[in-house]
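Next up, some structures in structure tokens.
In the two complexes that follow, subunit A is the common piece, with subunit B as its partner first and subunit C second.
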Partner chain A sequence: MRTWLRRNLFRTWWDALLTIVFSGVALWAMWSVFRFVVFTGRWEIIDVNLTLLLVGRFPKDSLWLLYGVVTATAFWGAAVLGGGEVAGALAPSRAERLMLAVRRFGLLVAVGFVLVALAGVQESIWFVVAIVAALALGRQVKKWRRKITALRQLPAVIWHGVLALAPVVMMVLTIRSADMRLWGGFLINFYLAFLSILLCFPLGILLALGRRSSLPMVRLVCAIYIEAVRGAPLFVLLLLSGVALNFFLPPQIDPGPVFRSVTVFTLFTAAYLAEIVRGGLQSIPKGQTEAGRALGLPTLKIIFLVTLPQALRNVIPAQIGQFISLFKDTTLAGAALSIVEMLKISQAITKQDAFLGRGYIYEVLAFAGLLFWVGSFVMSKESQRVEKKLGVGQR
Partner chain B sequence: MLQFFILLSVASVLYWLWNNYRLNVAQSKIPTNFQFLDNPSSFSLPGNALDQSAPVRRAFVQGLLNTLRVSIAGILLALLIGTLVGIGRLSKNFAVRTVSGTYVEILRNLPLLLLLTFMNLAVVLKLFPRIESAWVPLELFVISNRGIAIPWFVGSGTTLLIILGCCIAAMILVSSCCKVYSNRTGKKVRTILISGAVFIVVMVAGWSLFGFNLTLPVVNERGSLGGIRIDPSYFALLVSLVLYTSSHVAEIVRGSILAVPKGQGEAADAIALEPIKKMQLVILPQAFRVAMPALGNQSLNLIKNSSLGAAISYFELTQIAQITVGNGSPAVPAFTLTLIVYLAISLMSSLIINIVNRRLALVER
Partner chain C sequence: MSEHVNADATQMSGGRTASEAIVVMEGVHKKYKKFSALKGVDLKVAKQEVVVIIGPSGSGKSTLIRCINRLEEHDEGRIIVDGIELTLDIRNIEEVRKETGMVFQNFNLFPHLTVLSNVAIGPRQVRKMSKAKSEELARELLTRVKIPEQAVKFPAQLSGGQQQRVAIARALAMKPKVMLFDEPTSALDPEMINEVLDVIKELAKDGMTMIVVTHEMGFAREVADRVVFMSDGEIVEVGTPSELFDHPKDPRTQKFLSQIL
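This part shows the complex of A and B:
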């Protein structure tokens, strides 16, 4: 203990000084946060407006659809990713496994706990029970897939198709039944990010391939697009799409703010994604392409079966980083296009009659910040884990 | 053949967009040219010569200057703080390491707009006192929710610039002389000390020559008088940009320090360099060579992110565009112009970064 202290905190007098200053700052910061959360924070504003903050004016009687989406996605996630078995001697003990689980999911569970405590309705408790059940079921399904021979022999396409059926059906139902103008809060942040990620993926990959193509004109067009988009600020693009997007569409289409922002997010992220994928493609040794050619594969097959899968795997962390920044950037849609997303709503609720002019801004921003922070932080930690699991840079 | 096909499809998509645009514009009869730039701007900017009759063109130039003002200060501060925090993350000291790590992890994972809103609404407008009860630390500054006033020089800006230029030129001259001398004789010269002294001497000489004076800000009834006043929105934008970007810079610096081969640090230890010298002379120069492209990217990001100033009414380019559009200028050309200016800034900066990069890159023989 004393050695640890001396090594880590009091090596020299200079070190000791730094230690004292930094510990002082840290303790003061911790105390202020603690005091704010426990004593001075007036959390009734969050309590009253929780639904508004999370889902906006989403109709109350179709909330079950959202619950369904989350539960089904939890099941799918557990069934696809959950419960990796480590063989034999490497298997961690129960305590280690518990530690690992706490480190991975502790934050999410804690936030879920806070949300349930704030909501405090019977409904939310049932919702939590449903999620936990879905997770358990998902893990069990994954185990069956490993243990039961008949299931193991199913081709991956069918297996994953069946698993993804529930979340996809729920999402389609939700989106079909919804009136986009009523969506808001954290839900719309999630929705914008999710949709843009789905849409920008094919475009980004095509652009990356185009930029590396051997055809000079294609290369030029892709390069111009990528550089132009990367040189422009997202906020101005959003503003521009707010006033100009309808000019580029046939008059019968009337783009709403969600449509406008998804278009911009997609086109914007695709350019960044293209650069990331290009980096991945450059990291693939030339021998891979040559091996593909030696086997007599056509160029398209070489790209889609040999180089691209490896390239995408190599850049998973960078991709997830890009998606995290997209998730954070969805807040801009509120400022530029008046979408009632989380940040916009948080500022709006401080102007309600009961809370007007009494300085509730700290509480609402802390709450919004907590949700965004936990979302991004968990994603980035998971990406590091995936990176380790895939052994990027070690093969 | 494939090339032709791809180009054809791209061209047809572009044509489709263009055609829609033409039809829609013809239908709605809005102007699409840049003539609005000559109209009177009909708004004024606080603290600037721009008045209601000045053309919109001038307002845009002023906005561009404001953007550059916040960006340059932001880049310098973010690089400085980010480097320090990045080094701190690798410190042997547990307290320093943890605090730096927490700083990075917290700021990196928050949306910039949230930080900005927090700085503007919660810190500057709420936490800072009203002007009647302004904080006056050391009688030098006046801090209130109308801005921060700091001591400043009396006199014209040009002479100040001339003096500063002379100072910097003298400093560079002296330090290069020192370097030549120490290279020739092999003696150790305290370059930083000497050139700092020269800087101060030249500055004092210039001051006494031109008769410069400092004014201290004081509180009067509705605001502060004297000194120079930093706008609250400028302050909020600058601080949040610096906080956000420095957390990214810190990660880059940490990564590049780790990328310096271990032998380099051990060699520095072997010739008994002090830790600070080791960082300054051995590790950081090599780390920055690796970090340069990523740091350039972060600087560009900061410039682009400064467009968020429009969300808190800092009068930078985007905000000016929004105001002129609100005052009746056609929206599409105004925002397109803004976009083009940002694009030009980015392209020029990346050109500079590329040149610096090429000079820094390891020349392999």
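This part shows the complex of A and C:
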């Protein structure tokens, strides 16, 4: 212990000085946050407006659909990803597993507790119970798939189709049940990000391939698109989408602000993603393509079976970085278009009679920041797990 | 489009059996900008023949062998493989590639696939074989190159010699009529060279048609039906191993052999 301290913290007088200064800064920052959270923070504004912040004016009697989506998705996630088997001697002990679980889910669970505590209604407790049950069931289902022969022999398409059925049906029901204009709060941020990520991913890949195409016209169009979109500020594009989409669409189609912003986020992020994927493709040695050609594989199969999987795996960190940035940029949609997303609500509730003019903005922004930070952090952590699983840098 | 050509087999010396030629190159030229890599190469390879190409670096050996499956495009002359002429027609090119297997200096295995999938991908994706069948074939071939136990590993977990043997199995999985080896042992540590050469020798024994670019003169002497000496983009001298190694005629051949032996 002593030698460790010596070696790592106080090797020279200069090291010692740096250690002391930085410890001081860290302690001061921690104390400030702690004081704000526990003593000076007036959290009743969050308490009163929690539902509004999380889902906006989403109809109360349809809320169970949202709970259903989250629960079904939790089940699905657990059944697909949960409980990775580690063989024999490498299997971690119970204590290690607990530690891993805390590191992986601790933050989410803590935030969940904060939300439940703030909501303080029976409903939210049942919701938590449902999620935990869904996770447990999901893991069990995955185990059955491994252990029961009849289940194991089901083709992957059918198995995953059945598993995905519940969340997808719930999502469709939810989207159909409530008017999109009533959606708001963190829900709409999440929805915008989710949909845009889903859509921009294939588009980005196509653009990257297009920019490497052997056909000059395809290359030119893709390059111009990418450079034009990357050169424009996102906020300008969002403001433009409020008016400019009408130039391209017939007047009887008047897409709502959600449609407009998803379009912009998708097109915008796809351009960045294209460059990331292109970088990944360039990192694949020429020999890979040649080996594919020598086997007689057609060009498309070489791309989709040989080079693209390797390229995507190599650029996971950059891709996730882009998605995280997209997730946070959804707050711009509130300012540019008439979407009542979380940040907009955050600012609006400080103007309620009970809170007006008393500087509640700190608490509200801190809460909004916390939710976004947790979302981004979880994305980044999970992407690291995926990277490890795919063995980036090892194979 | 494909032109079927009956090559005159009697021209070839030293072939095991005088049968029809499977690879025919006539007056092949290849230029990289101003540099001429091949300056009018004529070569015929008979079925079941083993041709070894030697020569100093930069002499065009690799370019020649890479022209045969169109990894490089030749500028002039004709190349006919198994009766199919290589033209701009992509179908002809893919047809030729199905019939020729290639082994590279740097293995070029697919690092994201298991050893088994590396071998099975050709028959599965190009020959449209079922998954089970292609994997069965892959296992057979891995046994043939003496590494059946490595099937579930990934290429990076194997030694260089093992990787190159997987690469040979991958090429064989397409049941090619000709095998092209582009310096298959040049990237290997010395102690692994022989395990790869042994596999190639066995293929030769089994009657596989092969064109091998190599610096392993002992190997060339042992397995070659004919040895081709190239220099400056030209075929300088062709002969049986004893003719070429023991009694080289051309001064360039003599100089090269005196430098390496």
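We take it that the second predicted complex is superposed on the first by the 394 of 395 C-alpha atoms of A that agree within 3 Å, B and C clash if a C-alpha of one lies under 4 Å from a C-alpha of the other, contacts with A are read in each partner's own complex, and residues count from 1 in each chain.
The definition used in the following text is that contacts are C-beta pairs under 8 Å (C-beta built on N, C-alpha and C of every residue); 3 or more make two chains touch, one makes a residue touch a chain.
This structure is a prediction, so every number in the text was calculated from the model and none was measured.
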Clash or fit, subunit B versus subunit C on superposed subunit A
fit
Given the touch rule stated above, what does A:F248 touch, subunit B (first), subunit C (second), both, or neither?
first
Touching A:L365 in the superposition: subunit B (first), subunit C (second), both, neither?
first
After superposition on the shared chain, which partner residues are touched by A:N8: those of subunit B (first), subunit C (second), both, or neither?
first
Partner chain(s) touched by A:V221 [first = subunit B, second = subunit C, both, neither]
first
Kindly classify A:Q310 by the partners it touches after superposition: subunit B alone (first), subunit C alone (second), both, or neither?
second
A:E290 contacts which: subunit B (first), subunit C (second), both, neither?
second
Looking at A:P233 after the superposition, I want to know if it touches subunit B, subunit C, both of them or none. Which is it: first, second, both, neither?
first
Per the contact definition in the header, classify A:K301: touching subunit B only (first), subunit C only (second), both, or neither.
second
How many degrees apart are subunit B and subunit C as seen from subunit A, counting from C-alpha centres and rounding to the nearest 10?
90
Closest CA approach of subunit B to subunit C after superposing, in angstrom, is 13
Where on subunit C does subunit A make contact in their complex?
69-71, 94, 97-98, 100-102, 104, 106, 108-112, 121-122, 125-126, 154-157, 170-171, 174
In their complex, what parts of subunit A are in touch with subunit C?
285, 287-288, 290-291, 293-298, 301, 305-306, 309-310, 313, 391, 394-395
Hey, which residues of subunit A end up touching subunit B in the complex?
7-9, 11, 15, 18-19, 22-23, 25-26, 210, 215, 217-218, 221, 227-228, 230-237, 239-240, 243-244, 246-251, 324, 328-329, 331-332, 334-335, 343, 347, 359, 361-362, 365, 368-369, 372-373, 376-377, 380
Which residues of subunit B touch subunit A once you look at their complex with the stated criterion?
2-3, 6-7, 10, 17, 20-21, 23-25, 27, 92-96, 98-99, 102, 105-106, 108-114, 117-118, 121-122, 126, 300, 304-305, 307-308, 310-311, 318, 321-322, 325, 331-332, 335-336, 338-339, 342-343, 346-347, 350
